[in-house]
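All chains are identified by letter, namely A, B and C, in their written order; residue positions are counted from 1 within each chain.
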Amino acid sequence: MKRIGDGAATRIGLIALAVIMTTLFLVIPLAGIFYQALAEGMAPFWQNLTSTFTREAIGLTLLIALLTVPINLVFGIFLAWLVTRFTFPGRRLLQTLIDIPFAVSPVVAGLLYLLLYGRTGWLGSILSEQDVQLMFAWPGMVLVTVFVTCPFVARELIPLMQAQGSAEEEAGVTLGAGGWTLFRRITLPNIRWALVYGVILTNARAIGEFGAVSVVSGSIRGETINLPLQVELLYQDYNTVGAFTSAALLAALAVVTLMIKAMLEWHTHRREKTA
Amino acid sequence: MSITVSDVSRRFGSTTALHPLSLEIKQGEMVGLLGPSGSGKTTLLRIIAGLEAPDSGSIHFGDRDVTRVHVRKRRVGFVFQHYALFRHMSVFENVAFGLRARPAGERPSNAEIRDRVQHLLERVRLDTLAKRLPAQLSGGQQQRVALARALAVEPEVLLLDEPFGALDAKVRLELRRWLRHLHEEFGFTSVFVTHDQEEALELSDRVVVMSNGRIEQIDTPQALYRAPANRFVFSFLGETNRFGGKHQNGRLQQGEAWIAMERSNIAPEEVLLRPHELMLTTAPDGRAHLPVRVDAVSPVGSDVRVELTADWMDTPWLASITHHDFDRLQPERGSELYVIPSRWHQFAPESP
Amino acid sequence: MSARAARVLPGFSLSLGVTLLFVSLILLLPMTSLIGQLSTLSWSQYWAAITDPRLIASYRVTIGAALAASLFNALFGLLMAWVLARYTFPGKRLLDALMDLPFALPTAVAGITLATLYSRNGAVGSLLAPLGIEVAYTWLGIALAMAFTSVPFVVRTVQPVLEDLPGQADEAALTLGASNLYAFRRVILPHIWPAVVTGTGLSFARSLGEFGAVIFIAGNMPYRTEVVSLMMATRLEEYDYAGAAAIASLVMLVSLLLLLAINLWQGRFYRHLHGGRH
């Protein structure tokens, strides 16, 4: 088939331009992270990586992701089921509300929570009387991360479930299946890749969130410093190798995320072709 | 299991899908719901299944009022329009689904499930394909899986939504006969939806003709074709030629063309004619003067279809003549002939 | 009564309950606090808070840099989408996967990396300095950071549209004797135009709110290289919660209007391309 822009000169020229620009714009910064981390050799890199400070930051980062991902996974499934399988007044409004965390600056997200749960906020003042403090503590960091990442799973599921329609589930019901059987045996197998994809995106953002978390963290060493905040802190202290060591760790996670994503896409692509 | 539909109606927002209607379906009967799209036939079928709830009225299976019974508990077999097979499950697992989905106490043992599914797959001649995924099957095979899956739960009522709509003509014909056999063998009550009059007439014990959310006529195929209740049913059941004119001097006249007839009080200004009720001749006689020009000739199947045009028609006519007549007249494009109607039909004008 | 019986699929009440609980607690409740905080301000105080000259300078910096970043991404994204959708070549899948890097990479990491690379003695900055181009601690650096973090928007909205474009459209144009550029402009561009605008709009919206990637390279000099997100963070550090809330209300309003405009734009073209259905 002959197509526009298939001439050899156009083709090679455009591909070359794309590769060069991607290299300049994306590959060099990515490589730069690892280069900076190892700029003074393996020893300082290893020392930074295994320090208590880094270990604590890793621990907190994992804790946040570990709590955020399941919460948003469950919420995303319920929301997608609700808006794709039923019609009810306010359905569009609900879908728009869910996009808010996407649209606003992460600093606004942090600020909303600080205003609510901070000592001056109405809920925060009630809670502080009970000696519960959410802000400038890890629970607050989890809360804002849940806020920031709540659209990811639902946004992956909704278009897919809408396209698939509910005929298979209706067939399941006429055959006598109850709610849980229906979900586990019919819905889940059809959406599992989108679900994994949504989880990956949620996880990546939960690990890497900076703006919202920095507002509610209070930067207490050993308590409320996660990896991205540690990167900032060390960088401001002119500890470049230290900052880039943690940055390299996060970048490695990002690369793993991209690899899983590429594998999933390849997988679903192949399935579509055989189907 | 007989089905009784009483005064069932349904609205979607501001549109009325079904005006209150009633219908009796006898035990073991096969009934076709026939109508154009938007006639409410699918809505009626889904209400019988419990996939939609009626705004008013009731549904009985035998003596049991099932109006408020959830579809899960209604024990109907439902075959969906595009089959809705579980795409990630093998043919075997698709058919076994209904049995496995039962609560632990009522669930048959694995061996029993295997036997029953195997038996059903043999019935629908798919036992060699049990391990395939739906996407690896042809349309006709998918249709048979959908049927086997619906039959696995031993329903007393089988409901089918456009069961052959997505298949090509040859497979369609084969499956129709096969479904008819299956129905007689299992003895369940079947209701199916179709927009294809041939399908409805061939398969059904009785046909329910619907339009605009109303039942136009319920009858056996023979009675329906021979004595359509109104103009809609007549024109929906087959090709229709229309002759419109003014009545004068014992003739219905339109320009130079006329048919000799008594003035009818039902429809004084038009008659409808089926293609096989038109005879073609080389000269008019006292019964009618209908000069026509042959526009196209297509010898398909047992008779020859001839398209006719004339200035006095609002739309071209279609005549179907025997091969014998065709050989005698040798009509070809441009031939000038005359039509003599052997029979015609008159109905009260349709109320909009 | 019958409407409830009509819900054939299970789980309506449960999923509605879970969703409403979540939305109320996580989304709506925090927003009430913003309104509460704003109500402590009089109109004149509110006006003063959002028209502070240093803040107005930051509006200008943010909007200008975000515009530059999203326009750059419109061109870069179009190029990448075209190359990835139309051609096959070795390493294509790697290139495709790289497009998502800015979403996967934490913004703070992107921020310190760009700041280091483009500083005057950084790997790239030292090459640009002799040419008189300063990136770090200038407006250009802010635009660069914004462009980096919003790369995927245009690529990922245009790419599927290009992939869906039937080959016959190309062939028809070429059999009619059109040149490559003319055929692209008249046949392909009208088709992908809505997606380009949508992607650019999303990229712009994201750039307006960008924080982590920007603050390191910006240098944060008052009146010159401060962005709006930073101004909010600064107010919070000064415990001026009301001032921060005032800015946040404006930012949220603009973001929501932008989001709404993008959705409407998308919806309009969807209808247009699908013959009025949906």
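In this text, a contact is a pair of C-beta atoms (placed from the backbone, for glycine too) under 8 Å apart; a residue touches a chain by one contact, two chains touch by 3 or more.
Chains and their UniProt names: A = Sulfate transport system permease protein CysW; B = Sulfate/thiosulfate import ATP-binding protein CysA; C = Sulfate transport system permease protein CysT.
Keep in mind it's a predicted model, so treat the numbers as computed, not measured.
J.: Have a look at which chains touch which and call the overall pattern line, ring, star, complete or other.
T.: It is complete, because no pair of chains fails to touch.
J.: Using only Cα atoms to place each chain's centre, name the chain farthest from chain A.
T.: Comparing chain centres, B lies farthest from chain A.
J.: Taking contacts as defined above, which has more of them, A-C or B-C?
T.: Most contacts of the two pairs: A-C.
J.: Taking each chain's centre as its mean C-alpha position, how far apart are chain B and chain C in Å?
T.: Chain centroid spacing, chain B to chain C, equals 54 Å.
J.: If you average the CA atoms of chain A and of chain C, how far apart do the two points sit, in angstrom?
T.: Inter-chain centre distance comes to 16 Å.
J.: Where in chain A do residues touch two or more other chains at once?
T.: Residue numbers touching two or more other chains: 170, 173, 178.
J.: Among the residues of chain B, pick out those that touch two or more other chains and give their numbers.
T.: 51, 71
J.: Counting only residues that touch at least 2 other chains, which ones in chain C make the list?
T.: Answer for chain C, listing residues that touch two or more other chains: 8.
J.: Under the definition above, what is the set of chain B residues touching chain C in their complex?
T.: Touching chain C from chain B are residues 50-55, 68, 70-71.
J.: Which positions of chain A touch chain C when the two form their complex?
T.: Its residues touching chain C are 1-7, 10-11, 14-15, 17-19, 21-22, 25-30, 32-33, 36, 74-75, 78-79, 81-82, 85-86, 88, 94, 96-108, 111-116, 118, 120-123, 143, 146-147, 150, 166, 169-170, 173, 178-179, 182-183, 201, 204, 207-211, 214-215, 227-229, 231-232, 235, 240, 243-244, 247, 250-251, 254-255, 257-259, 261-262, 266.
J.: Across the complex, what residues on chain A touch chain B?
T.: Of all residues in chain A, those touching chain B are 167-168, 170-178, 181, 185-186, 189-190, 274-275.
J.: Within the complex, which stretch of chain B touches chain A?
T.: 49, 51, 71-78, 80, 82, 84-89, 97-98, 101-103, 135, 149-150, 152-153
J.: Which residues of chain C touch chain B once you look at their complex with the stated criterion?
T.: Spelled out, the residues of chain C in touch with chain B are 2-3, 5-6, 8.
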